[in-house]
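Each of the next two complexes has chain A plus one more chain, namely chain B in the first and chain C in the second.
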Partner chain A sequence: MSTELIAWPRAPESSVPFVERLHGWVTTVDHKRLGLMYILYAMVFLLIGGIEALIMRIQLAVPHNNFVSPQVFNRLFTMHGTTMIFFVIMPLVFGFANYLVPLMIGARDMAFPRLNAFSFWLTAFGGILLYFSWLGANGLYGAGNAPDVGWFAYAPLTSRTFSVGHSTDYWTLSLLVSGFGSIGAAINIIATTLCLRSPGMTLGKMPLFAWLNLVMAGLVILAISPLSAAQIMLVIDRYLGGHFFDTQAGGSAVIWMHFFWVFGHPEVYVLVLPAFGIASEIIPVFSRKAIFGYPIMVAATVAIGFISMSVWAHHMFTVGMSSNANTFFVLSTMAIAVPTGIKIFNWLATMWGGKIEFKAPMLFCTAFLFQFLIAGLTGIMQGAAPFDWHLANSYFVIAHFHYVIVGGILFTFFAAFYYWFPKVTGRMYNETLAKLHFWLFFIGFHLTFDFMHIPGLLGMPRRIYTYEPGRGWETWNLIVTIGVVFQALGILVFIVNLLWSYFKGKTAGNDPWDAWTLEWSTSSPPPAYNFAVTPSVKSRRPLWDLKHPEDPDWRYE
Partner chain B sequence: MQDVYSSKRMLRPALKVLSTLFCLSTTSVADSPTFSSPTNIFAPASTPAHSIFGLNLFVLAITGAIFVTVFSLLAYAVVKFRKRADDDGREPAQVYGSNQVEVAWTVIPILIVVVLFMATARVIAYVQMAMPENAMQVVAVGHQFWWEYRYPGANVVTANELHVPVSDPAHPTPTFIKLLSADTDHSFWVPRLAGKTDLIPNRTNTTWIDPQQVGLYLGQCAQYCGTQHAKMLLRVYVQSRSDFDRWIQEQSQPAHVSDTASEGRRIFESIGCMNCHAVAGTAADGRFGPDLTHLMSRDTIASGIAPNTHEKLRQWIQDPSTLKPGARMPAMGLDEPELNAVTAYVETLR
Partner chain C sequence: MVDSAKSAVSAPDKLQLPAPTAWPIVLAFGIALVFAGLVTSATVSVLGAILLITGAVGWFRDVLPHEAHETVPVLPDTAVIQTSRREVARLGVAPGVRRAWLPIEVYPVSAGIKGGLAGSVAMAALAMLYGQLTHGSIWYPINLLVAGFFPAAATTAQIAAFNLSALLIAIPIHLLTSLLVGSLYGVLLPMFPRRPILLGGLFAPILWSGLLFSTLNIINPVLNKRISWPWFVLSQVGFGIVAGIVVSYQARIRTWQNLPFAVRAGIEAPGLMTEKDQE
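== the complex of A and B ==
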């Protein structure tokens, strides 16, 4: 990454020696640079996690395949899941929040710039620790290996009886370290949105992207804390003679599940709320209309935040909870569909009566709406506990949450990449390549994840390195694997586009989308100090007011 | 916005993809022979599976209706409100919200949720509360990568192939399965008979089935339990009452030990096989591995992954990892004559 991205007040970039520039990046406390570093970091891990997925899909393309050993396969799915959640989507979330929130609320930087840098480096170190297990996890004997307990690491597989060596320790410590990074980043986002908004920007006028990140950050603190506690308990079990999860000494495997999912479910919303935030910025701009029902969008977000804390055990419908407990978690799970549904309807209403322009960001957001709708509906199916007694731990679940994480979240993040690329680099991305990326990825996504539901309905469980022929799973698995090829091509086009446009793209100007939030009022890329003059705002769309003095928003809010 | 992009050009491929996908998924799902599966959750053959199936159809109908409605709105918006080539460049009317509509799309989902919730709660109560009377008791114990089955009343211990009597709907004779684990978490899932229930160490779970047709029902472990989780298959043999009674009768006998394989037996009882395997009526009483008393009455070995033939048995005893790498049975390093003798011995255990 070159530093030309950001105007450097001292000397022209080219004259600064490379090592000095690198030093500048490593020691930076600038929210934009840290944001970009989070994003770049996520992209590297996206490639690694993607390759892991590709290897698994080759293994599963046909029954009784012998491409990788069961041991390697088990490491692959553990690493793939852990990587994609903690070292791809989380850093993407924090990266975009870091870069954009201060700009959107008219602030100079995040509230605690040094905590910000510290958080990033903790997260970065966590990922490195996880991957160092490939070398170091068996101690001094030379051959290391990666964790193979699955990304939710159910006890007692993680006990020293079943997990010898240190692979589980690398997993534990990696999540502990990056978890502290996440908590630091979350505190920063909360403080920034609450304290650093520009004059006139009451909470009721704060852009939805900032609102969703605020709620996300609250959830991070509530969700990562129990996860960290559980990781510490696991370390105590493994090395200090504790028996929290050690079933052979009277510990409880189910307690681990509760700890994990008390983290795990809010985590889904930690990842998806920022995606909602992105959609809530892009859909209005490309439909040329104000967001429909801003207050209820905020209310729905807060409601999702609260309800998401009470649904965790829907991941545990098969562990033999009482029928009362099962019934409660059915109710809370289905209740969360209401605020989520409201959001979908409000986005639709925003498009309704607009003049929608299907540039790449809007294409990705439209696909997000379509896919998130399906993901929500398959979620309701699984929320019906008896249905879930079949679906849980089957390929249907895998299809469902990839619909959420790829079809919902990753699609909106692609939209965000294209939408803010001109702001960050000062150059326009290539629209043709972006559309090619969209169609390749869209087709690949649907080949893979639509057809992945079916083997689940036909009894195929997850986390199996191979399967028996004659169960009706062969065709579907082959199609699923073929889809991966299209997705990989899409990602390739995406990267080519980013690189090409970064060097060769047309100059974008400050406000290429004719948009309405504050980040578009400063130069592209923004200077280190963001705004020469602290902006003051009167409505949710300050730039609309500026462009339409005859009909400003503040008259209606 | 400048540089108007003709949205027709990108819309057509979108519709094409969607319609092909739709055709593919409907026609091939319904007609193709690959859809017939011995583990299809939509082919219930036992009461719990039936009541779940009923709920599934109801939930599918409602979610399907929601999908069609919202998708149509989205498709309409995409087609109708896209920017035209002859756009006048003016901003459309700005609408900031509407209380009536927003109340409507809050209240309607709430009503749908209430309905879905009540239907679901009923099935939960039914499947979880209905502890069937006069049920037969079986204990299933999950082990890293195989299943142990005990019939407490009948003094029978067997492995990997569960036998239960068929249940006549007029006079139901359900089987009530107590689920335990000897090591890690597992999950018992035979889709045509019931939903899955986990086997968790230090905890007792239960499930029940009352299969109404004689036959073999398949499934497999559905909770990741270690290296060979993939090859921890489930086989449930549903038999007529008389066949089942005969089977129980045979299984409750001690091993039929003949002198023809005494050399194999001597090796079996001296090199460690007996530390892990039990053969009732002999000195072998290990419990770490499957009970071998009636090994030859089983169709398959090693949790359903290989047919119980001479070649496979021999290969298994020589080196289990050639069939199931990571299985908890070590290769015992037998030489040719020993291997033949031991194989011959276990082949007398019928």
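== the complex of A and C ==
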């Protein structure tokens, strides 16, 4: 089809009929709209996954509770884990990358706009397919509906013998579909950052957020591919009589573990690297200083990318690997703490001596720094194989993992919401509500996940439906559940703030934070084409150069 | 910087962007239905396959032989890039230098070695004073340092007696540790230039003592059982103050990290900095 010329009747959005607006969103290939759709989609699933967590915590608040049945409890922890990883944090990652990377590097769109839309819709349909299992998987009497094999679905639980009906198939197929979407999105991010940077923006001048998303995208391709391969093998096992994971027929259950964790551990870095990118943008702006040690930050990111591909079997110390394998994975796990530690030192050095403004984005980033440090330290503890033998599959692991995902990643994404909200909507959020959100969520987080370590140390295994009184677990579990209520209130305030500010917030202007990256040089919200004239840059802080022509950064970089 | 020629390069009246299209959602829905059919009904997969083929063909027609575009008018750009903070505060560590890569100066390695050696003498003196005052023997703390080589049931008299082997082992342990800690002082002190004695004489010894307090039972159980922590902290502080003073009196050398790589590599590149500044 030849180039089609269409007039651009951009009437005010509210005056366009609803159906036409809906059509505009469904058929869009604009990276900003797709980014927003990823984020909204993630928010919906955040609520769903959060409700699942709340139900589980009510069940575990007191011993011998019967709030839900054991079968439902199994489905809840499976769906909660799968939802939060694949349909909350991953879409958040891709949503922010989609919206921000082209703006930050001075591009008009992603490299492959149609692939971008295709990737989003695959992810979206994957999530819908997973949740359709509550209705559609109940095909056999007594076979159950939603998946109940845990988010890492170890064999032989997933074999037809132990998982009759289609619940496991829904889990497999939905992740397969959304995995294709993730790979498409990753290819797009790589092509965009490598090929569409504005003139003058060498890789050494690219914003750290874009750098971290570039490495993240590379990891997605390396990590999702083996997961997809394993899912296909599982489908073959379940439908075509294959025996990949059937130990009795010559297969290997341990192979599934390797396939899953060679995805699973890099996946943690897929999720956390963009969070690092967010912190690397917000901390300098609110400290009024350039990021400390940019080249080392980039080098540490790339190092994390490489090392993260060699640590997966620290999830398998209790499987019974050889001592050589155990030693290798202990050492590689310890090694990855080094570049991560460098980053924490550099963020602290950025804050050191700065003129820090504790607005909501900075509050969340500061909390992230300390929480992620603790998460890293408990990670190192479990990275030592003998320690892991004691704590594997206990609530200590759950506490550590949530410290990473919530205390590390979700906190920075909340920071990102507040930091870029003025750019996306053109309006300021309500600072008082944002701080209320921070403190509620901060208190709730620490009540829940600090105290969750203790029943783990006392021997409480993960995934248990209920427990006997008198083991010293009751008080801790009650505190953990109370913390979830605070977190839920925090989320409620967050949503109210976003909605209220979207309709009633003060006009933000183009650059409310006096920031330095390119997205703040265009209007808020940005026009469809982002930049009428492609900007050319000469330093890592192009807007600083414009604002301070007497002392531009490019003289020193 | 964003090219200040932004306004000089006139913005076009309109721009071409990729046209919206429904084919990606159709193709994605088709793929999802193909898989969904495996767990529902074959007809769902058939419908998915139809949508998949339709979506793929539609997509091809959308981009071949030329991509479909839409033309959008360019809105007047009213964005003004300016800061509300014209005043820029600068760290006062390098007068006359607008930007500085910290640290500007460091101590040479030899400063740390000298500090470590001087500190080791001060610490040894304090430790021997402790031995003399409490057990009547200057050898007591020396033997305690290598108490891991003694039987756990060794008596106080045995530990207080002169032992040549213990002395020969204790001296390198003491010297090596002192040199390492002294070198660390040499690295750390420029980072805290305002109060070197506070860092070297108080903070570092207390942190070091705390670390040893929590681990000594594993490293040297005999020493852990017999150690006098007040005297231990006192001798650590003695080490810290002496090492800190000696290090801080050494001449500093400028770091090269703010110089171009060519200069650091020893390549003659006259005018390199000047050209950059004049740009």
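Keep this in mind: the second predicted complex is superposed on the first by the 543 of 557 C-alpha atoms of A that agree within 3 Å, B and C clash if a C-alpha of one lies under 4 Å from a C-alpha of the other, contacts with A are read in each partner's own complex, and residues count from 1 in each chain.
The rule is simple: a contact is a pair of C-beta atoms (placed from the backbone, for glycine too) under 8 Å apart; a residue touches a chain by one contact, two chains touch by 3 or more.
Just so we're clear, the structure is a prediction, and the values are computed from it rather than from any experiment.
**Student:** Is A:514 touching the first partner chain B, the second partner chain C, both, or neither of them?
**Tutor:** Touch partners of A:514: chain B and chain C.
**Student:** May I ask you to name which of chain B and chain C touches more residues of chain A?
**Tutor:** B
**Student:** If you stack the two complexes on chain A, which partner ends up touching A:556: first (chain B), second (chain C), both, or neither?
**Tutor:** In the superposed model, A:556 contacts both chain B and chain C.
**Student:** Examine A:435 and indicate which partner it touches, taking first as chain B and second as chain C; both and neither are also allowed.
**Tutor:** A:435 sits against chain B, while chain C stays out of touch.
**Student:** For A:355, is the partner it touches chain B (first), chain C (second), both, or none of the two (neither)?
**Tutor:** After superposing on A, A:355 lies in contact with both chain B and chain C.
**Student:** Let me test your reading of the model: by the given contact rule, A:545 touches which partner, first (chain B), second (chain C), both or neither?
**Tutor:** Second partner only, chain C.
**Student:** Now for A:166: first (chain B), second (chain C), both, or neither, which partner does it touch?
**Tutor:** A:166: touches chain C, not chain B.
**Student:** Would you mind listing the overlap between the chain B footprint and the chain C footprint on chain A?
**Tutor:** 288, 353, 355, 514, 548, 551, 553, 556
**Student:** Which part of chain A faces chain B closely enough to touch in the complex?
**Tutor:** Per the touch definition, chain A meets chain B at residues 69-71, 74, 148, 150, 154, 156-157, 162, 247-248, 250-254, 287-290, 292-296, 318-320, 322-323, 326-327, 330-331, 334-335, 337-338, 341-342, 344-346, 348-349, 351-359, 363, 366, 369-370, 373-374, 377-378, 380-381, 383-390, 392-394, 431, 435, 439, 442-443, 446, 450-451, 454, 457-468, 470-476, 513-514, 548, 551, 553, 556-557.
**Student:** Please output the residues of chain A touching chain C within their complex, sorted ascending.
**Tutor:** 1-8, 10, 24, 26-30, 108-109, 113-115, 117-118, 121-122, 124-126, 128-129, 132, 136-137, 139, 166, 169-170, 173, 176-177, 180-181, 200, 235, 239, 288, 353, 355, 510-511, 514, 518, 521-523, 527-529, 532-533, 535-539, 542-549, 551-556
**Student:** In their complex, what parts of chain C are in touch with chain A?
**Tutor:** Its residues touching chain A are 1-4, 6, 9, 11-12, 14-25, 27-29, 31-32, 35-36, 38-40, 59, 61-75, 77-79, 81-85, 88-89, 91, 98-99, 258, 276-277, 279.
**Student:** Which positions of chain B touch chain A when the two form their complex?
**Tutor:** Checking each residue of chain B against chain A gives 1, 4-5, 7, 10, 13, 17, 21, 25, 28-29, 32, 34-42, 51-52, 55-56, 59-60, 63, 66-67, 70-71, 73-74, 77-78, 81-84, 87, 91-98, 101-102, 105-106, 109-110, 113, 116-117, 119-121, 123-125, 127-129, 179, 183-185, 187, 189, 191, 194-198, 200-203, 205-206, 218-231, 233, 325-326.
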